[in-house]
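Chain naming follows the written order as A, B, C, D and E, and within any one chain the residues start at number 1.
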C-alpha cells in the first residue's frame, strides 16, 4: 500500500482536473468530487491501517517516504517532490480526507442550484489535494506549495460568490494577509537551507542510493549560532522559529494576522467548515508540530508562541461573545480554539495541540455544517436576531449542533473536553499561571458564547417570519450525524491513562504522554463544571432576554458593558485599526504618491529634464545664428583669438 | 635713411587703413585703401621686391581698386551705413576682440624681434623679376597652373552670374 | 636696415584693422576692401620674411595671393551686383533672411 | 565544435530575417497571407530550435571553458579580429527557445491586435526575432553590439506606428533612452578590445586583437590579460548601465511604462517577453564573466537598487488604474528580482535569475496578451471600467487567474521557482571568507515584493474580474475565441510545466552557470 | 634669351586631376558650342562620364607612390582612395542635379563643368603637399562653390548664401595666407615635407616656435572654417539652406572631405612633432563642434538646416580620426568615415531633393509627415540614411563611428570618445524625429498644402507625390544600398583603407 500513497493527493487532483476541463453538469461534479475525496480517504485509511499494524521496517522511526521526482536541483540545492507518511501526517491525512469527504457530500445538498457549482467542486477538490500535499510533504518547499495552495483555494472559495463585493474583498484580504505570513515562511525556509543545506525533514534515500539529509534530526547544529541586526544579537534558531511563527499567525489566524478569518465567512458555509475550521487554519499548528526541533531550540520564540496563542484565544473568545452573525461567532471561536492549539505548541505540548486539532476539526466542522444547515433552512439568514425557536423546525440540526457546542465548550465526555483539558492541564503543570488563567477564562467564555448562540438560534420564538424554516435534506443531515458521532467519540483517541495518540505520535513528536494525576483530575472536574455553568449561564440569560432581542437591536448585555461591547463586536478594533489608521491608508497614500508624483515628476522628471535642457540649449544656440554675417565673423574671430591665445600662452 | 622712409610709409599705411575703417563713405574708404596699398608698394620696394612693387601698383592699386570704385559708383552704394547697428553687442565685442587680436599680433611681432638674427646679408638681386619668373615656371609650375584654372573659373563665374541675370531679368 | 619684426608688427596691425573692418562695417563693398587689406597685410609679412631669409619664394607666394584675391573680388563683386538688383542694397545686414 | 556538420544555430538566427525578405514578395494589401507566412516562418524557426535542447550536451568537460556549442564562426573583418561567431551554452539555450517560442505566439496574436499595415508589422517582427536571437548567441562583441542595437529599430517602429495615442513620445523615449544607455557600452567594448590587444601583443607581437569575448575571458582567467581594478570597474559600469536601462532597473525604468502602455499588444508581449531579458542576459554574459572582481565590488550596491526596484515597482503598480501600466510596473519589480539573483553571484541565484527571466517572459507576456484581449473588446484598460468579467467570460477569467498567480509566484507554477531560487541565492550570497555580498537583509526586503505582488495583482483581478457586472457594456462580452485560447493555452502549458518540473530547465544550464561563476565561490553554509 | 628648363614632372601623379580638369575645360566649350539650350542634360551626362573616366584612370596608379612638382604634389594610396570618394561624390551629386536643375528651372550648362572643377580642387587638396598648393586648391574649390551656391537665381536665399559664404570664405582666406606667412617666416618654406624636417631637426626642438605655432594655428583655423568646426561653423546652416540642394549635398561631403584630407596631411607631414600642442587645440574644437552641431540641430524643424547642423556634428567625429593619426587606424578611420558619411549624407539630401518642388521648399519636417504612406521607398531610404547618420547598426554610419572611436581611443583620446558617443546619443533624437514624422504620423500633407495654397493664392495644391526621376532614384538607391552594405560587409572597404597609406617622405 505504501507505494500508493501518491494516490491520496492525486485522486482529488484528478477530480479537480475533471471538474475544470470535462464536467459541465452540477450533479456529476458533486459525485465526482465527493467520490474522489472519499476514495482518497479509503486509500489513506488503508495506508494508515497498514502503517499501524505493519510499519515499514527499513526506517527507524517508522515512516514512508516516496520521492516522485527530483523537483528542483540547482547546484547544491536539491529538493525532491517527495511524499511522507508518518504518524503525524497519517492522522492529518485521515482528518483532511475524512472530514473533507463528509463536507463534499454535504456540499452537494448545500450548493444545489448554485450557478457555478462545478467550479465550486473543482476548487474544493483542489483544496483537498493541496492540503494533502501540505501534510504529506517530506520537505519544507513542497509543504510550502501546499501551504500557498490552500491559501489560493481559500481565496477562490471565499470569493466563490464574487458578485458580492464583500466576498471579493474578503477573499483578497485572506490571500494578502496569508501572503504576509507566507513571506516570513519563505525567509525561514531560506535560512534553514542556508544553515542546513537541505529542506527535507528527514533523511531520504533516493533510488540511486544517494541520500538527501534531513534537517530536523540535526537541528542542534544551529544551537548557539548568532546573527546580528545592528546593535542586537539573536540566535539563528530564534530567527528561523520566529519567522515560522509569523507564517503560522497568518495561516492559523493568530494575533496580529487573524483579521482575515472572520471576513472569510463570506464564502459558502461548507467552505468555512472545511477550510476555515477543520483543516487549513490548523496547518500552522501542524507546521509547528512538524518542525518542533527548531522551536525547541529557541526558548524566546516558544514564549512568544505561547503568549500569542493565549492572547488570541482570549481576544477571539471575547469577540465571539458579541457577534450576531451565526457564522462569525463560530469564526471567532475558531480563532480562539486555534489560539489554544498554538499556546499548547508553545508550551511544548505538541500532542495536546494535535489532539485538540483533531477533535476541533471534527466538532467545529460539525458546528459549521450545522450553522450551514440553519442558514440553508432559513433561506440565507445569518443574523441570529432573526432566528429563534428553530429547534422545533430543525430537530436533527439542533441535536447535532448541541453535541458540537457541548464538545466545543468542553463538556464531559465530549471530544472537546479531553483535548482542551489536556492543554489547560499543561498550562497548569507548566507553572505558567498567567497563561493558564488566559486559557481558562477563554474556555469559560467559549462555553458562554455557545450557550448564547444556542439560546438565540434554537430557543425562544422565531423572531423574524420572512422565511419558512425547514430541516435540510438527508445529504446534509447525514454528514451532520456522522460528525456528531465523531464529536462524541473523538476524545477517545487520547484518553488519559490510555494515551493512544501520544504513543502513536511519539516517534514524530518525541513527547511522552503527560502524567495524569490527582491534580489533573481535579482540574478537569473544575473546568468542566465551570464550563457547564458558564454555558448554562449564557443560555439562561439569552433565553430569558429573548423578548428584548429584535433585528437591529443591541445586545442585552450592552446595558452593563457600554461601549466595551462594541469593542468586543469589533474584536478590539484591531482590524479597523489596520484599515483606517496606519497600515492600509499609509500604504495606499505612499503608493499613490509614488505612482502619481514621484515616478512621473521625480524620476521621469529627471529624464525629461535632460531632454528639456538640451532643447533649451538648442534654442540658446539659435540666438547666435542671427543671420548677420558680421556676427559670424565675430564668432570666427573669437575662435581665432582663443586659439592663438592658447598657442601663445604655452 | 631707410628707417625714416619706413616709418613715414608705415604711418601712411596705418593711417590709410584706419581711415578706411572709420570712413562712413564707401568711396572714401576705397580711396584710403588705395593710399594704404600704395604705401605697401613702397614698403615692398624697401624690402627688395621690385617685381611685387610693380604688381602691387598695377594689379591692386590699378585694377582692383578701380573695380571697387567702379562698383561703388555703379550701385550708388557709397552711403549704406547710416542707420543704427542692428546687433547692439556687435560693435563693442568687435572692438574688444580686435584689441585682443592686436595684443596677440604684437606679442608675435616682439617674439619675432627677440628671435631675429642680428644681421641679414644684403643681397640685391634675389627679388629680381627674372628670378621670380623663373621660379614660377619651374618650382612653382603647379601653383601657377592652378592659378590659371582659378582665373578661368572666376571668369565663368562672373559670366554665369550676370549673363543669367540679363536673361531672366 | 629695418628689422623684419617692424614689418611684421606693421602687417599685424594692418591685419587686425582689416579683420575689424569685417566686424564693424556693413557695406558689403567695404567688407571686401577689409578682406583685401588683410591679404595685403599678409603679403607684407611674406615679403618681409622673404627678405629676412634672402629667398624669393616668399615673393612668389605673394604673386599667387594677389591673383587669387583678384579672382575672389571679381566673383564677389559680380555677386554683389546681382544681389543689388533684387535687394537694392549693399548693406549685408539687410541680407539676413537665412538664420536660426 | 559544430558537432552537426551544418550551421543549425545560424539557420535559426537568420531564418526569420529570410522570412522577412520573403514577405516582401507578398502583396502589400494581402493581410491574411502575410500573417500566415509570418506565422509559418516563426513556427518553423521554433520547430528547428527545438532541436537545440535535444542536441545540447549539458555536461561538457570542464576544460573547454567557456564552452559554447553549435558554434559557427566565419571571419568577418579579420584585421580587427572581428568574426561572425555564434554559439550557445546553457545560459543562452533557454533564452533562445523563449524567443522562438514567444514570437509565433505573438504573431498569432496579431490577428486580433494589428489591423493596419500588417505586412510591415510582420516584417519587423521577424527582423526583431533575428536580432533577439542574435543577441543571445553572438560570441563576438562587435556582432553582439550590432544585434543589440538593431533590436531597437523594429521595436521603436512597432511602438511608433501601431501604438496608441501617445505612441510617438513612447517610441522616441524608448529608442533614445536605450540608445543613450548603450553608447557607453560601445566605448567599453572598444576599450576592452584595445586593452586586451595591447596586453597580448606585448608577448605576441603583431597580434591584431579580437572581439571574441570567449577568448578575452579566457585570457582574463589565465592571467595573460590583467585589467586594473579601477579600469575594470569603469568598464563594468559602462556595460552595466546599458544593461540596466534595458532591463530596466530602478531608477532607469521610466521608459518602460510609456513604451508598454503605448505599444500594441504584440509589441508589449515581445518587449516584456524577450527584449527586457537582453539586459539581464548581458549582465550574466558580460559583467559577470568579464569583470568578476568589479561584479563583486558592485554587487551590494546593485543589490540595493534591485531591492528598491522590487518594492518600488510593486508599489507603483499597486497605484495604477490602467491594467497595462500595472503589468508594466510589475515588470520593474520582477526584473528587480532577476538582477538580485544575478548579483547573488552563486549558482542558485544566477540559475534562479535565468529561470525567472524565462518565467517573466511567459507570464508577463501572457498578461499583456490578456490585457490585449479585453482592450480589443472594450477599447479601455481602466480597471474601474470593468468588474465581474469572470462571470461574463469564464475561460478568460480562469486563464487570467492562472497567469496572475504565476506572476505572483504561487508555488507549483513557474514564477515561484525563479523567485525562490533568487532569494535563496541572495540569502546565501557570501564570499568564501564570510564577507557578505548580499545576505539576509536583502531578502528581508525583497520578500516584501512577494507580498506586494499578491496585493497589486489581486487588486487588478479583484477589481476587473470579480465583483458584480456593474457596467452594462461588459455584460455582452464574448469569451475567448478559439485562436485566443490556443495562444494563451500555449503559454499556460510551460507556466505549469516549469512550476512542476523546473529541472528540465535547470539541468542544461548547470555547467554553464558554474562556468560563469567559477571565480566566485559563494559559501553554502551560512551563518 | 635663355630658356627656362622645365623640371621633370611625373605626369602620372596627376592623371586623374588632369582628366577631370581637362574634361571640364573641354566640356565648357562643348557646352557652349555643341549642346543646344534645351538639352543641357547631355552636358551633365558627359560630366558624369568624365568623372567615371577619371576614376578608372586612377586604378592603375594604385600602389604606386610618387612625389613630383618640386615636392608640391604627391600620389599615394591615401590620395587615390580619397580621389575615388570625391569622384563618387561628384557623380552622385551630378546625378541628383540632373533632376533638380530642370525642375527648378535653373539649369545652365556651366553647372556641370563647375562641379568638375570643384572635384578637381578637392583632388588637389588630397594630393597637395605644399601650403601654397593647398591654398590655391582651397580657393579653386571655394570660388567654384561661391558660384554654385548662388546658382539658384532668382531665389534670393541662394544669393544670400553665396554672399555669406564668399565673405566669410575670403575672411578665412586672410587667416590662411597670414598663417602661411608666419610659417614661412619661421621655417623659410611652405612645403609640408620641409616644414616637417625643419621641426624634426634638433635646433627646432629646443627653440621657441611661437611664429610657427601661431601660423599653423591660423592655417588649421582656415581649414576648420572649411570643414565647419565650431566656432568657425556659423556659415554652414545658412549656406546649406540657401544653396541649391545638390550643391549643398556636394558641399556637405566634398568640401569637408577635401579640407579634412588636407588637414590630415598637414598634421601628419608637417606637424607630427607638435602633436601635444595641437591635440589640445583641436580637441577643444572637436568637443565644441560635437556639442554645438548636435545640440543646435535639435531645435531645427527645417530638414536642410538640420542636416547642416548634423554635418557640423559629423565634422567633430571626423576630427577625432584626424587627431588620431598617430594611431594606425586614424587615417583608415577618416577614410572609412568619409565614405560612409558621403554615401549617407548625399542620400539624405537626395531624398530632400526628391521632395522639393519648383519654387517651393519642402524642407520642413511637415513635408516629411506620412511619407511612408505616400512614397514608402523614399521613406525607407531616408530612414536608412537617418539611422546611418545616427550611427545605429547595421549601417555604414555605425561602422564608421566604431572605426573612428576605436582609432581615437587607441591614440589616447578617451575623453573625446566619451563626448563623441554621448553627443551621438543626443543626435539620435533629431534623426529619429525625421523617422517619426515619416512613419509614425499620419499624412496631413494634402490638406496642409491646400490651406497654404489658399493663403498665398496658388490655385492648385502641390503634387502630393512628386515624380522620382531616374537619375535621382539611382543616386538614392546607390547611397542606400551602399549605406547598408557598408554596415553589413565592411570588410572590402576596410581592406582598402588599410592599404591607403600616407606617403610620409618625398
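The working rule: a contact is a pair of C-beta atoms (placed from the backbone, for glycine too) under 8 Å apart; a residue touches a chain by one contact, two chains touch by 3 or more.
No experiment lies behind these values; they were computed from the predicted model shown.
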item: Given subunit B and subunit C, the chains that contact each of them; value: A, E
item: Labels of chains that are neighbours to subunit C and to subunit D; value: A, E
item: Most distant chain from subunit E by Cα centroid; value: A
item: Among all chain pairs, the one with the most C-beta contacts; value: B-C
item: Chain closest to the assembly centre - both centres taken as Cα means; value: D
item: CA centroid of subunit A to CA centroid of subunit E, Å; value: 78
item: Approximate Å spacing (C-alpha centroids) for the pair subunit C, subunit E; value: 26
item: Subunit A-subunit C separation of Cα centroids, rounded to whole Å; value: 96
item: Between subunit A and subunit D, centroid-to-centroid distance (C-alpha), Å; value: 37
item: Two or more partner chains touched - positions in subunit A; value: 611, 622, 625-631, 633-634, 637-638, 640, 644, 648
item: Touching two or more other chains - residue numbers and ranges from subunit C; value: 4, 8, 15, 18-19, 22-26, 28, 32, 43, 48, 50, 52, 55, 57, 64, 68, 71-72, 75, 79-80, 82, 92-93, 95-100
item: Contacts with 2+ other chains: residues of subunit D; value: 176
item: All pairs of touching chains, each written as two labels joined by a dash; value: A-B, A-C, A-D, A-E, B-C, B-E, C-E, D-E
item: Residues of subunit E that touch subunit A when the two form their complex; value: 163-164, 167-168, 171-172, 175, 210, 213-214, 217-218, 220-221, 224-225, 230-232, 234-235, 237-238, 277, 280-281, 285, 292, 295-299, 426, 429
item: Complex contact set, residues of subunit E against subunit B; value: 4-7, 9, 21, 25, 28, 69-70, 72-73, 108, 110, 113-114, 117, 120, 124, 130, 132-133, 136-137, 139-140, 143-144, 146-147, 150-151, 153-154, 182, 185, 207-208, 210-211, 214
item: Subunit C - residues contacting subunit B, complex; value: 1-10, 12-21, 23-30, 32-34, 36-37, 40, 43-44, 47-48, 50-52, 54-57, 59-60, 62-64, 66-75, 77-82, 84-85, 89-91, 93
item: Touching residues on subunit B, where the partner in the complex is subunit C; value: 2-3, 6, 10, 13-14, 17-18, 20-21, 26, 29-30, 33, 36-37, 40, 43-44, 46-49, 51-52, 55-56, 59-60, 63-64, 67-68, 71-72, 74-75, 77, 80-81, 85-87, 90-91, 94-95, 97-98, 101-102, 105-106, 108-110, 112-113, 116-117, 120-123, 126-127, 131-132, 135-136, 139-140, 143-144, 147, 150-151, 153-155, 157-158, 161-162, 165, 169
item: Touching residues on subunit C, where the partner in the complex is subunit A; value: 19, 22-26, 92-93, 95-100
